[in-house]
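I've put the structures underneath this note.
Each of the next two complexes has chain A plus one more chain, namely chain B in the first and chain C in the second.
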Partner chain A sequence: MLNRISPQTLRILALLAVLALVLLFFSTQVPNYLNGRLFNRISSSVAIMAIVACAQTLVILTRNIDLSIGSTLGFVAFATGSLITNNPELGPALLLIYSICLGACFGVVNGALVAYARIPSIIVTLATMALFRSALVEYSDAKSITTGNLPTWLVDFPNYKILTFGSYQLRASFLLAVVVVIIVHIALTRLRAARKIYAVGSNPEAAEMAGINSKRVVLTAFVLAGALAGLAGFMFLARFGTITVVAGLGFELKSVAASVVGGVNIFGGSGSVIGAFIGAVLVDLIDMSLVRWQLVSEFWREAVLGTLILLSVAADATLMRRLVAWRVAREKARIQRSTQS
Partner chain B sequence: MKRFTGLTAAAAVLLGSTGFAVAQDGAVSLETGKDIDMVLLPKFLGILVFDQANEGAQEAHAELGNPGELLFVGPTPENSTAGQIEIMTTSATQGQGAVMLSNNAGDQISPSAMAAQKAGTKVVTWDSPIPSGEGEDVFVAQVDFGSIGVVMADMAHSILEGAGEMAVLSATPDASNQNAWIASMKEALENDEKYADIELVDVVYGDDQAEVSYNRALALVDQYPNLGVIMSPTTVGIQAAAKAMQDEGLCDQVRVSGLGLPSEMVSYTMNGCAPEFALWDFRDLGYLTYYTAYGLASGQLSGDIGETFTAGRMGDYTIEADPSREGSKRILMGPFTVYNSENVEAAAK
Partner chain C sequence: MSNAVLRLDHISRLFGMTVALADMSIVLHPGEVHAIVGENGAGKSTMIKIMTGIHQPSGGTIFVDGEPRQISGPQAAREAGIAAIYQEPMVFPDLDVTENIFISDTSAGLWVRPAEQRKRARALIERIGMKLDPDRIASGLTLAEQQAVEIARALSQDVRVLIMDEPTASLSAHEASQLRQIATTLAEQGVAVVYISHRLEEIFEIADRVTVIRDGAHISTKPISEVTSDGMIAEMVGREVGNYFAKAPGTVTDKTVLEVRDLTLDGVFEDISFDLHAGEVLCMAGLVGARRTDVALSLFGITPATSGNINYRGEDTWFSSPRQAIDAGIAYVSEDRRKLGLAMPMPIKSNISLATLDEFLSPRGLLDREREDSVANEYRERLNIRTGSVETPVGMLSGGNQQKVMLAKWLNMKPDLLIFDEPTRGIDIGAKAEVHDLIRDFVARGGAALVISSDLPEVLAMGDRILVMREGRQMGILDTGEATQEAIMSMATGQLEQAV
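And now, the complex of A and B:
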């Protein structure tokens, strides 16, 4: 049975098991924990991070990293807010396209520097993280976007209830995030063009030999990540309404954490966006639950979260090694049996 | 003033020849036209209230006819602590006359601030002081830190109609101004019979980020089913909390109050999610801070306790011992305005 499931699926099953364990643990520690409210909180709060984690995964799969993703999100949120404040008659579609294109532009800058100027992505995006953030400080002129100036369709969109079962609500923002993750997942697993991302990440030389233009693939990954960060910026604006220069601060590390917890290999080539999505849910759930857990003080929460990330990555690596070793052993035994007979 | 540095000594000689301009009631009236370069250093750039403080400082700069430069420099948001220390150090090496600091680095800023003082730069804090007072000449306090606690307790009292549960949503766990205000509010709650039926159930931190504050506010509501008010002594936290309550349709149960900007809070005050909040004028704070720093750096003020001076349009102020930080000095600006549905719309414009 075990050897029929792909490692990818196994990873996701393991993650879901961890998720259930976390839920079970906190339900014994926190009063009024397991209910529809918790689902509504997590699902609406994770929607933005899920998309950012999905974007980060695309980049990590190519053996790169995007540390500027939080700054991109913040700039897009502010610029989109400023556009709609000054032109309140603009429609949803136009505004959405604007955010996505703007995010993609930031992705082009990152991608071009990484792929064609051959600067390591950690250096490039560390620099652009500061650059994009400073650009936002300059662009914003110390003003903030306020909810009162935004059209109601935008502010109401994230909490629009699509379906309601008792106290469980399926909200538009969560649905959008799930749809995006599923689309990206299907593209990555089924589309030839998107499979190149995995090829370049697992072995760039071999990918080149196979006729893949790895530079273009890396550029594409960054542009797609930028576009998704732009979409997340749009959702950030809709959800929080008030946007200042700190918007999206720290999202770069949270998204890396979500991806890695979700089983995306930091050295590229393996992992799935479904995993990153569950990773985002897990990190968010732990973070939210720790706030309500009286035993852990404010100052220790980050440390606990950090420990959990380390543990999950270590557990993941160990489990995968064991599994591979076990399979090799079985395979050997099988070959031995067949040669003996 | 034990240490006479080149700059202050020169200024003192200059003043010796012209004589102190002392008004009749003993308040020093500052002479205009001294050439002093100054730096206004906010917690970080891009926040409206700090920009307002800069407007006030620029106004005073023009009024005092200082031919020197007034720089408004600050770190980027993700680099606040290290950036502040760096700017403080650079200002000292540049030989700036004064640095006006809204401290976000706790006591970590002290060594560089003391080095700056040694180099002859006056360090005047505003908005948020250096907790230990080391490296700081004087703190321009927006309001009495003790009275902010009482005002917050009063707002909670009026929103809860005398009895109920309250939780605090603060900025960062090491923000010295917020911590001092929360401490003074706790003191008021404990010592005054009036607040006997108000229970402070929790203090959480939203890191002055909209998304963190938003989630913390909702976590509070989930954790304490009988919560009546969320008190947020930060402009970021209060509006994030109000938005969260509005989004989840909780405004009937849980109200939001604290310190907020009228322009950001007006819609929540009008729809009842945040019926009352308070704030002071950051333009005035920048203006008064500039007058203080200019007076000290030009040597016209000695910075001793009991010294009184005239700060332009705002009138007379006296340097006094800071009751919330032993051994430190402050100038108290006060008062602040409590906003509600009657006055918030006018203030938001």
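And now, the complex of A and C:
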């Protein structure tokens, strides 16, 4: 059985099992834990993080990292907010396109510096993280976007109920996130061009030898990540309404955490956005559950999160190594049998 | 013949001042296995890189199907139908076999059709006569299977010239014969197979024609039926030896420093036995893949051998870490200056003191910079390191001077036994002679030196005795008197083995 399932699928199944275990554990610890309120809160907050994690995954797959993703999100949220405040007549589609394109522009800056100026991505995006944030401070002119100035269609959108089962609500923002994740997943697994993203991250030298233009691939990954961060910025604006210069702060590290917990290899080449999505849910779920768990003080929440990251990466590495070793051993035995006969 | 699929015409290639290819011409026909043989450094790798578009020729013309053509990069090479596989396969470890095969598939369609691709993958694998599950992840494949994946990838792109560079060097006998079978099969299907190997018996088994190259130039191309192994070897080494390396007078004493008996590292090398005396230079000769470096790494404690005896200065010893070897007075000067030898951005003086930092400590436990300076300046003078100051970062020196800094670093340890791995690779002839003098000087003061070198004239000039290895086996030890380039080459290619 085990040999039919691909390591990727196995990883997702393991993550789902962990998710179930966490739910089970907290439901014994926290009274009145499993209910619609928990689902609604998690699904609203994870909607944005899921898209950012998806973006981060695209970059990590190419053996890079995007630390400026939170700043991009913040800038886009603010700029989109100020655009609609000044031009209330603008339609949803135009506004959405504006957000996405603006995010993509930030991605172009990152991608061009990493791919063509050959500066390591951790340095480039550490710098642009600060630069984009400063740009936001300058652009905002010490003002904030406030909910009152936003059109109601925008503010109402995230909590718009698509379906309701008792106290469980499927909200528009969560649905949008799920749809985006599924689209990116299908594109990554089935699109011919997307295979190159994996190739470049898996073995850059071999990719070059195979005639793949790795510079263009890396640039594309950053631009797509920027565009997704732009979309997340739009959703951030819609959800919170009030945008200050610290919008999206901390998203860069949380998105890396979600990707890594979700089984995306930090050295590139393997991982899926479904995994990153579940990783985002897991991180958020644990974070939110710890608030309600009396045993752990406020101050230890970060430590628990850190431990989770270490554990998941260690477990993943061990499991995958075992799996590969087991398959190799089996294969060797098969060869031995066939040469003997 | 007019139906040549690929022709190199008087191709040359310079790297700075170094001539990698002087005058290379070769004609490849569809349906032939064309073997290329030559010593280490004869220009084989450079030639492959030019055929596959990784390097551009400095002069000469490449013809594809009789038309002059520029192969501007790997993509262009693929379009011309030229592909190469190497000893170390280039696969994507995270992707499965099918994905690896079709990674750069440019055929029409935006979407991948997994079922159809898997079917095509299966057909390609079948075409080369392998058994391989197209769903397996590449990181779990054996080397031979990874090579098969690469060949299948080349076939999927309608390869017409397949270059195999030492494909069997790291394979087991069974896998190697499988791979040779693939080469023959492909030739029968009309592919021009370029087969590069140090194993002459392989070449006699599968090649249709053999080209000998030497010093970056074409020497001869003959049908296999007109070639003998002696003739091939003579052509491979037959350069004018010249007397640019003078033979230094021997300083060998009777004092045995190192006695190695039946040293074996399972699956890597076996039964290596030799003595090394104070004042002696023992050279290890052999071709790429002879496992000479592995023997050195075992002696130095990096990869301890699995069986055998090492007697060092009259005591049975067994080093299981480099620290132990260093403490016992053994130094190993690596062939890879960049990776294992020098800290390129650090100044000369810091590199020299790096292996012996304890000596440079002041009583207060800080580094004594003045002593560092004076020691570095002493070596600068003695080894003739050409630099304005010992503060210069090593990365800014020429290859020869870098090599001298590396020597200074290890000489400062005042070792009894120095192991040199390719001490003069990539440095100019003047610097080579200086390095030779330094090694000679070292043994004249009572040290013992083990020198691994692929440069035959150097081996003949330096070595008091010459140990020849081939694929992990010791083929024999030659004294200065009986050593000739031909004798060494015959042993290194497995045509001759000394009775023990």
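Here is the rule we use: the second predicted complex is superposed on the first by the 341 of 341 C-alpha atoms of A that agree within 3 Å, B and C clash if a C-alpha of one lies under 4 Å from a C-alpha of the other, contacts with A are read in each partner's own complex, and residues count from 1 in each chain.
FYI, contacts are C-beta pairs under 8 Å (C-beta built on N, C-alpha and C of every residue); 3 or more make two chains touch, one makes a residue touch a chain.
This one's a predicted model, so the numbers in the text were calculated from it and none came from an experiment.
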item: Three-chain arrangement built on chain A, chain B and chain C clash or fit; value: fit
item: Partner chain(s) touched by A:202 [first = chain B, second = chain C, both, neither]; value: second
item: Partner chain in contact with A:137 - chain B first, chain C second, else both or neither; value: first
item: Which superposed partner A:190 touches (first chain B, second chain C, both, neither); value: second
item: First (chain B), second (chain C), both or neither touched by A:148; value: first
item: Angle, in degrees and to the nearest 10, that opens at chain A between the C-alpha centres of chain B and chain C; value: 120
item: Chain B versus chain C as contact partner of A:7, first or second or both or neither; value: second
item: Chain B versus chain C as contact partner of A:244, first or second or both or neither; value: first
item: Partner chain in contact with A:45 - chain B first, chain C second, else both or neither; value: first
item: Which of chain B and chain C A:211 touches, first, second, both or neither; value: second
item: Broader residue contact with chain A after superposition on the shared chain, chain B or chain C; value: B
item: Closest approach of chain C to chain B (Cα atoms, Å); value: 30
item: Chain B and chain C footprints on chain A, overlapping residues; value: none
item: In the complex, chain B residues that touch chain A; value: 44-48, 50-51, 76-79, 173, 204-205, 208-211, 214-216, 218-219, 222-223, 225, 236, 239-240, 243, 247-248, 263-264, 266-267
item: Residues of chain C that touch chain A when the two form their complex; value: 52, 54, 73-75, 77-78, 90-96, 99, 102-105, 109-112, 114, 131, 135-137, 139-140, 153, 174
item: Chain A to chain C touching residues, read off their complex; value: 6-7, 189-193, 195-196, 198-199, 201-203, 205-213, 265, 269-270, 324, 327-328, 331, 338-339
item: For the chain A and chain B complex, residues of the former touching the latter; value: 30-32, 37-38, 41, 45, 48, 129-130, 133-134, 136-137, 140, 142-144, 146-148, 158-159, 236, 239-247, 249-250, 287-288, 291-292, 298-299
